[in-house]
Amino acid sequence: MTSKLFDIEAHARDFQNKGPADILRFAFRNFDNLAVSFSGAEDVVLIDIAKRINPDVKVFSLDTGRLHSETYRFLERVREHYNVELEILSPDAAQLETFVREKGLYSFYKDGHKECCGIRKIAPLRRKLQTLDAWITGQRKDQSPTRANVSVMETDFGFSNPRHTLYKFNPLANWTSKQVWSYIQANDVPHNELHSQGYISISCEPCTRQVLPNQHERAGRWWWEEETLKECGLHAGNLEN
Amino acid sequence: MTSKLFDIEAHARDFQNKGPADILRFAFRNFDNLAVSFSGAEDVVLIDIAKRINPDVKVFSLDTGRLHSETYRFLERVREHYNVELEILSPDAAQLETFVREKGLYSFYKDGHKECCGIRKIAPLRRKLQTLDAWITGQRKDQSPTRANVSVMETDFGFSNPRHTLYKFNPLANWTSKQVWSYIQANDVPHNELHSQGYISISCEPCTRQVLPNQHERAGRWWWEEETLKECGLHAGNLEN
Amino acid sequence: MTSKLFDIEAHARDFQNKGPADILRFAFRNFDNLAVSFSGAEDVVLIDIAKRINPDVKVFSLDTGRLHSETYRFLERVREHYNVELEILSPDAAQLETFVREKGLYSFYKDGHKECCGIRKIAPLRRKLQTLDAWITGQRKDQSPTRANVSVMETDFGFSNPRHTLYKFNPLANWTSKQVWSYIQANDVPHNELHSQGYISISCEPCTRQVLPNQHERAGRWWWEEETLKECGLHAGNLEN
Amino acid sequence: MTSKLFDIEAHARDFQNKGPADILRFAFRNFDNLAVSFSGAEDVVLIDIAKRINPDVKVFSLDTGRLHSETYRFLERVREHYNVELEILSPDAAQLETFVREKGLYSFYKDGHKECCGIRKIAPLRRKLQTLDAWITGQRKDQSPTRANVSVMETDFGFSNPRHTLYKFNPLANWTSKQVWSYIQANDVPHNELHSQGYISISCEPCTRQVLPNQHERAGRWWWEEETLKECGLHAGNLEN
């Protein structure tokens, strides 16, 4: 398709009250070269819904090298359960070695998660996104203040460039955490074991922690940083909104 | 006081929209011989509020002999933090030995939690309640379907007898789990470590489990039994309502 | 049998180099009214060996009310695996309540484990031993300096009284930890899960900890007390030897 | 120095009964361009001893991307405790992505650990070793049957090539696990938390498990493979001996 003529903002308005399946169906109809970005957490529902619509859906995950053992086991379980081709992207060895030699393995607790996420997540993601026309994410409005205005589909200005426009679909944007978990339980969707251990939002091991009952899931991520700056870089565009 | 003339149902109507502190103040004004029943979970807020009103408040807990190690540590921490006289009640050795010799240590998974709770919780509780005129519990309407009609104060018909009327105060009846946890965090109230590990409702170790995000807390208790029969016997009266 | 004429010290000399099976066979031949004391740890080998010799062997354990959840599960597993009548003894409620009201749940860290063991272990044990002519324990010489001289069989002066002589058999006295574990693995004997988690010697949860590789097992028990006084009271006689 | 004239086998004979400090002193005297290979386990004693002799000792570790969270924390703690320049080597992203896309994240359980170790450990190690004249490892004879003949120093034929001879020092070759742990405790050497949880030999998370009391440490590594083939590739030369 020629993305030039694709007015995604207009489609976003049409789909703003539609469910995940409708949005995914629309995405697959309009793009061939697109993939689901799977974080190893409750966004597994995206794979479950997408697989029913398009059995050939492509999925990729970012292996930062610091995920929980439980998350690695879960990625493998999802790969087998859905018989999905799961591409797992790794950070560049040279970048990582320089960074860690200079700053050690936990610099993010001192000067923020940006640099580490930049090397372990964003660079491999950018490399992957350059090969795609659109990607599908599990972002939801209820996840954090920085995501309160997430649209169901949008131009991804963060990863587009003058020669390449990238689109982003967020089929779960309007779903609440409650809806996601109702779906998971109703459909026997496999889940990350950490979700039975008090974890809600899950990312790298050193940057994720359990939350108390009724505490917002975002309290379990980068808890030493400002609430309104907690965006993982995959969706850094949200911060400028 | 002469409990004969005490129309608790009328008072319950007056207090039905009052907060925990008002209810506790009323309880302490009308009864000398009363105590808080503390389960070792989030009902610690009762102790926190009661202590501010009545520094001499008495508290008791039921040590079934099967609590989590974390719960024992928490009971001790509460004892020290609030400098409260904490009475910890134990089951009768002879009853326990007969029961366990016949049925082993996990019979509840086969024939229900009633018999075990009866020996480990209810009998010691009954023994204690016979010495009191009123008790204070942490029951809340939002905890389970069996508690949806819990009043802020009531006659405890389950533990009263012709010669002794027992009253029960439930100061948190109208509070939601969210309110309890907001209070805990706002007031730096100590909490059971298990609450940071995915547990919400906490009782004996073999009868308690972690719940998934957004799952109701009662799913973590006696999960092999019917939802509408899940009452722990301390408040068995709720089942007949 | 008439214990009066039973010269156990002479028999001990005869059996001092015999294996556990020989010692157990001798015990069963000479006493009807005897039972194995099972701690919920690696002394399960006693049950395994005894069951082959005497399928009706009686076993009892002391449930202090503070055992690890893993130990309770193990007790039950042993009960089922060996189809053994397992008597589980509990402490006296009144004694326990008085002790805990005064001193809390962790007084042993401050003034030693004697008082707590006295109520939770020794008193129920004494009650049980008064009904027996002999008991069988898993004591080994290599377990601690206090056990270096343990005999394979002996008069239990600690629990005998003028009207009642009690004998004690220690069939594993000469076995090393290595031998015990070789037996467990070679014979697929069930073991306490804690043994796969860095625990060697196992007792109550607050008084047991994991040890480092090559650290002596006794370092995992009452680590805040003097090495030569670490005897649990079941075998307090060892201290006077 | 000119390695050509260095008869390490002769020196090995001279040093075969010497302690780690003597061997390290000899290594530092003869080589400038050498480094300690630190696995994140009890070979931390090498760093402790080496630091006293040569404060500028260089250390490197292989971050396979699948280490335990505890091991990452330990690497950082060692870096800070000894103020050592710790180089942490990462696998090549492209190799890893191809491998994982084809075989998933746990192929080693099916077809052996060689391929995964090859990409995650051996390739980064080979890259590093090409820049060194000698390396220092924590290998011990008592670790496994494959290491029973490890010399205190040797030519590393596995990583040498016609243009570059590499030497390998194994200062702990003659020490037992017991000696290593006595040293750690006597000198307050920091240790990996996993060592307090039943782990002895520690490597990647999916290929490491806890062992039972008295079980050989090698039972905790690649337990699904033949004992005599359990060599991690860093020291594959041992297999041909």
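Note that the chains take the letters A, B, C and D in the order they are written out, and that residue 1 is the start of every chain.
We take it that contacts are C-beta pairs under 8 Å (C-beta built on N, C-alpha and C of every residue); 3 or more make two chains touch, one makes a residue touch a chain.
Nothing here was measured: the structure is a model prediction, and the numbers come from that model.
*Asks:* What is the chain whose Cα centre is as far as it gets from that of chain C?
*Replies:* A
*Asks:* Give, as an integer number of Å, the spacing between the C-alpha centres of chain D and chain B.
*Replies:* Centre-to-centre distance between chain B and chain D: 55 Å.
*Asks:* If you average the CA atoms of chain B and of chain C, how far apart do the two points sit, in angstrom?
*Replies:* 37
*Asks:* What whole-Å value do you get for the distance between chain A and chain B if each is reduced to the mean of its CA atoms?
*Replies:* The mean C-alpha positions of chain A and chain B differ by 42 Å.
*Asks:* Which parts of chain B, given as residue numbers and ranges, touch two or more other chains?
*Replies:* Residues of chain B touching two or more partner chains: there are none.
*Asks:* Once the touch criterion is applied, which pairs of chains come out as touching?
*Replies:* Every pair of chains in contact is listed here: A-B, A-D, B-C, C-D.
*Asks:* Show me the residue ranges of chain B that touch chain C in the complex, using the header's touch definition.
*Replies:* 63, 65-66, 68-69, 72, 75-76, 79-80, 85-93, 96-97, 100-101, 104-106, 124, 205-206
*Asks:* If you look only at chain B, which of its residues touch chain A in the complex?
*Replies:* Contact set of chain B toward chain A: 42, 177-178, 180-182, 184-185, 191, 195-200, 210-215, 217.
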